[in-house]
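Think of it as A, B and C in the order they're written, each chain with its own count starting at 1.
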Amino acid sequence: MSELAIQTEQLTRTFGDFTAVDRITFDVKQGEIFGFLGANGAGKTTAMKMLTGLLTPSSGTAKVSGMDVYKEAEGIKRNIGYMSQKFSLYDDLTPEENIEFYGGVYGLRGQELKQKTEELIRSVGLEKFRKKLVRSLPLGWKQKLAFSISIIHNPGIVFLDEPTGGVDPVTRRQFWERIYEVSNQGITVFVTTHYMDEAEYCDRVSIMVDGRIDAMDSPDELKRTFNASSIEEVFIQLARSAERGEG
Amino acid sequence: MNPIVQISGLSKNFGKVEALKDVSLEIFDNELFGFIGPDGAGKTTLFRILTTLLVPDIGSASVLGMDVVSDYKKIRPLLGYMPGTFSLYQDLSVEENMMFFASVFGTTIEENYDLVKPIYSQLEPFKDRYAGNLSGGMKQKLALSCALIHKPELLILDEPTTGVDAVSRKEFWEMLHVLKGEGISIIASTPYMDEANQCDRVALIDKGEILNINTPKNITSEFKKPLYGLKHPNKYELINRLRDFEYSDSVHPFGEFVHYTDERGKIDTDELKNYLNVNGIREPIIKQIDPDIEDMFMSLMKPEEMDV
Amino acid sequence: MNSFKGFVTKEFKQIFRDKRTLVVLFGMPVIMLILFGFALRNEINNAQIAVLDLSKDAVTRDLTQKLASSEAFQLNTYLHNYDEVEEVFKSGVVKEIVVFEKKFAQRLTREGIANVQVITDATDPNLANIVQSYTGAIIRDYTQELNYQGKVLEQGIQPVIKMMYNPELKSVNLFVPGLIAVILMLVSALMTSISITREKEMGNMEILLVSPLKPIHIIIGKVLPYLVLSVINVITILVLAHYIFEVPFKGSYALFFGEAILFILTALALGVFISSVTNNQQTAMMISLAGLLLPTVLLSGFIFPVESMPAPLQMVSHAIPAKWFLIVVRSIMLKGSGIEFLWMETLILVGIAMFFMTLSLKKFNVRLQ
């Protein structure tokens, strides 16, 4: 196994004559928390779709968990976890049933699945909610549950697409502590967010503008390079230069 | 100053869910007032009552001096409202959306062009584009222009910046300041705590209850304990060690820092540094810092109720 | 009034921009008419029959020959006695058995009357009915022939069956009025309810409610475009029916369109009503399809005659606007009836329309709850 969780070179995707992602090259190390920032329409979603094997690139190369996005999309899907703000939890099933379903999808069976389910319910603190429908859970708990389910199969990488949108500040922090925990276990975390303070929690951050990666470094280094007091300032400096207009 | 919104003892339930619990407050003329709170705090319900779209269960509310229940017909034309789910007509162009909302409110773009110009002029290069093909930030600008087109006395904006990137958010607030300068009163809600500083006064709201109402400055000055910011490359370990500390009160990651309060209040930072050094956190940076709205919000929040 | 105009303009723009829906809306009547006209016709071809000839004379042989040589029938077998009847039906191939009584020709010439028994396999009642009618028609033809030849006097051969107004039993004549009802329900009720609930889903309804537009403006603005589309669809169906299937139109066009608009208004009111009790497009669509379209197809007499339904279903069918509309339109088109014969049905339609319009206006809330 390579030390790199994600490795891209000149990765590009065009739609007609529109270049959504423009020759991006970057590496993400195993176990790293990697913040993937960018303005609306900068190309984050398209890039993310290519890395998760949902969209074939137009040109360039990319390897995720050592697998090629062109040839081994199915293998990649088995080796990654994914959670988005519009969660994938079933509202009309209980947490237990959701866990069992997704566990089943990733090939967990019998005793192993049972044990995993117990473990997960306990680690999220959902003992009292196990028989309630997910619909009735507070938003923050749903997100914690969705995150835990997304890593039920011990993937090498987990992709989080704006995982903390709209939740209260305390839950948001609890969520990030879970991220630290997971990263400490060696799982790579690839995360997008609109909360600029959350960018500071990442080991490294990339900022996309007009389909390109215009900056990539640790938060401290970025602030130093751009002579800014926060990542938000760096972001605003870069995004203001965007030419795409935000169309 | 003249109150333009007066709310007293307002409650609203949806089945078993208490969306608003005994809310009372006043908002004054030409204020830029913010409701800050996470999803599900009750912001949207409150706004729908103010826009006369919902009737409260208990309590009363008046807008522009008129009762939201009995005088709803008189209130409605004076409001500019941007609902949280509002997504314009995707299959109409920018200009057609504007013309539609102008005509619905019995006016024309030309008539109130001066008011919307600072915002709408940014959209004019794209006026033939379908609203469905605009980016998040542009959509918000168009929605704001549509809400403004009939020159309302009061703008009510429900989470106008949600899901929009930091740059567009900043620009959006800049536009609101311009509008306030034109004499329009503005009520807006947001889940982004840092946007509180853009408002004249804010109400912190959570689980249907108002936690605090004040100017952003006064709210943070009410933070009772001295607040310390700590920094170390291994943030995860830093958090865990701080939690283990015997006098630990609250520990929250906060951007590049970890915010810490101590049960004893003011402390000797060397003592804490020593503790950390002994426990594997070498040479942490520790300094006393000023709290911000988010620190205050977290200290006021009640813990999540576990029995649903 | 200016705001209302703006609203209607917007509605038309949205409808014409949604190309896919537009194709469905205008293509559907054509496709359905062709389907019903060609594929689902009730005419029969080569239905297998058996003959039990207890007389075996010149007339019965002649008649058997006539039946067998018709395109509708194919002679499968001859039976020898009654005991074989059930056996033959059980095999499932034979749909009808024709029994000539003893001394058929003799009775016919002496008494001027002779009996034919027509036994049909009614496991498929529709088919049985049609087979029976065809047989009747062929026998009647033959009798007439005999009459001309002066061989038989007076009554001739029983049974005498007469098919009026639709002598060729062309099913397309019956389907066209039913099709009009279905299309109008679909376009008027379904599309209206979807279009209003979409405003709710997108959050635009909140703004419209807060705006100076009155609820009645919103309702009329929403239904007007679909009224126009519906009328265009009716004309399309009539033109196609006339030129491709030669369906007759005997009555007054003015009366026909008056009744059609009455029915459209009922359907539109139903659409508005549905949208006032639902909050998303999916539910609105399900209610429209299950609650309006299915009854219109199944219980209005469009496909299955109301008379052959069990009593409770007949009661239900009275509440279905399409049932009355169907009676009216069939009478106008095929019989040329005027309002003097149709006033009762028309009044019932007016009643239903008024009821749902009032209901939907009352239900259309000025608030969100």
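Quick notes
In this section, contacts are C-beta pairs under 8 Å (C-beta built on N, C-alpha and C of every residue); 3 or more make two chains touch, one makes a residue touch a chain.
As the structure is a prediction and not an experimental result, all values here were calculated from the model.
Note on connectivity: the fewest steps through touching chains from subunit A to subunit C is 2. Farthest chain from subunit A (centres taken as the mean of C-alpha atoms): C. In terms of C-beta pairs in contact, A-B outnumbers the other of B-C and A-B.
Note: centroid distance subunit A to subunit C, computed from Cα atoms, is 57 Å.
Computed centre separation for the pair subunit B/subunit C is 59 angstrom, with centres defined by C-alpha atoms. Averaged C-alpha coordinates put the centre of subunit A at 26 Å from the centre of subunit B. Residue ranges on subunit B touching subunit C, taken from their complex, read 48, 51-55, 72, 76-77, 79, 81, 83-92, 96, 99-106, 146-147. Subunit A makes touch with subunit B in their complex at residues 38-41, 128-129, 132, 136-141, 162, 165-171, 173, 176-177, 180-181, 183-184, 194-197, 200-201, 219-220, 230-232, 235-236, 239-240, 245-247. Of all residues in subunit C, those touching subunit B in their complex are 2-3, 5-7, 9-10, 13-14, 17-18, 201-204, 206-213, 366-369. Considering their complex, residues 37-41, 125-126, 129, 133-138, 162-168, 170, 191-194, 206, 235-236, 239, 252-256, 294, 297-298, 301, 304, 306-308 of subunit B touch subunit A.
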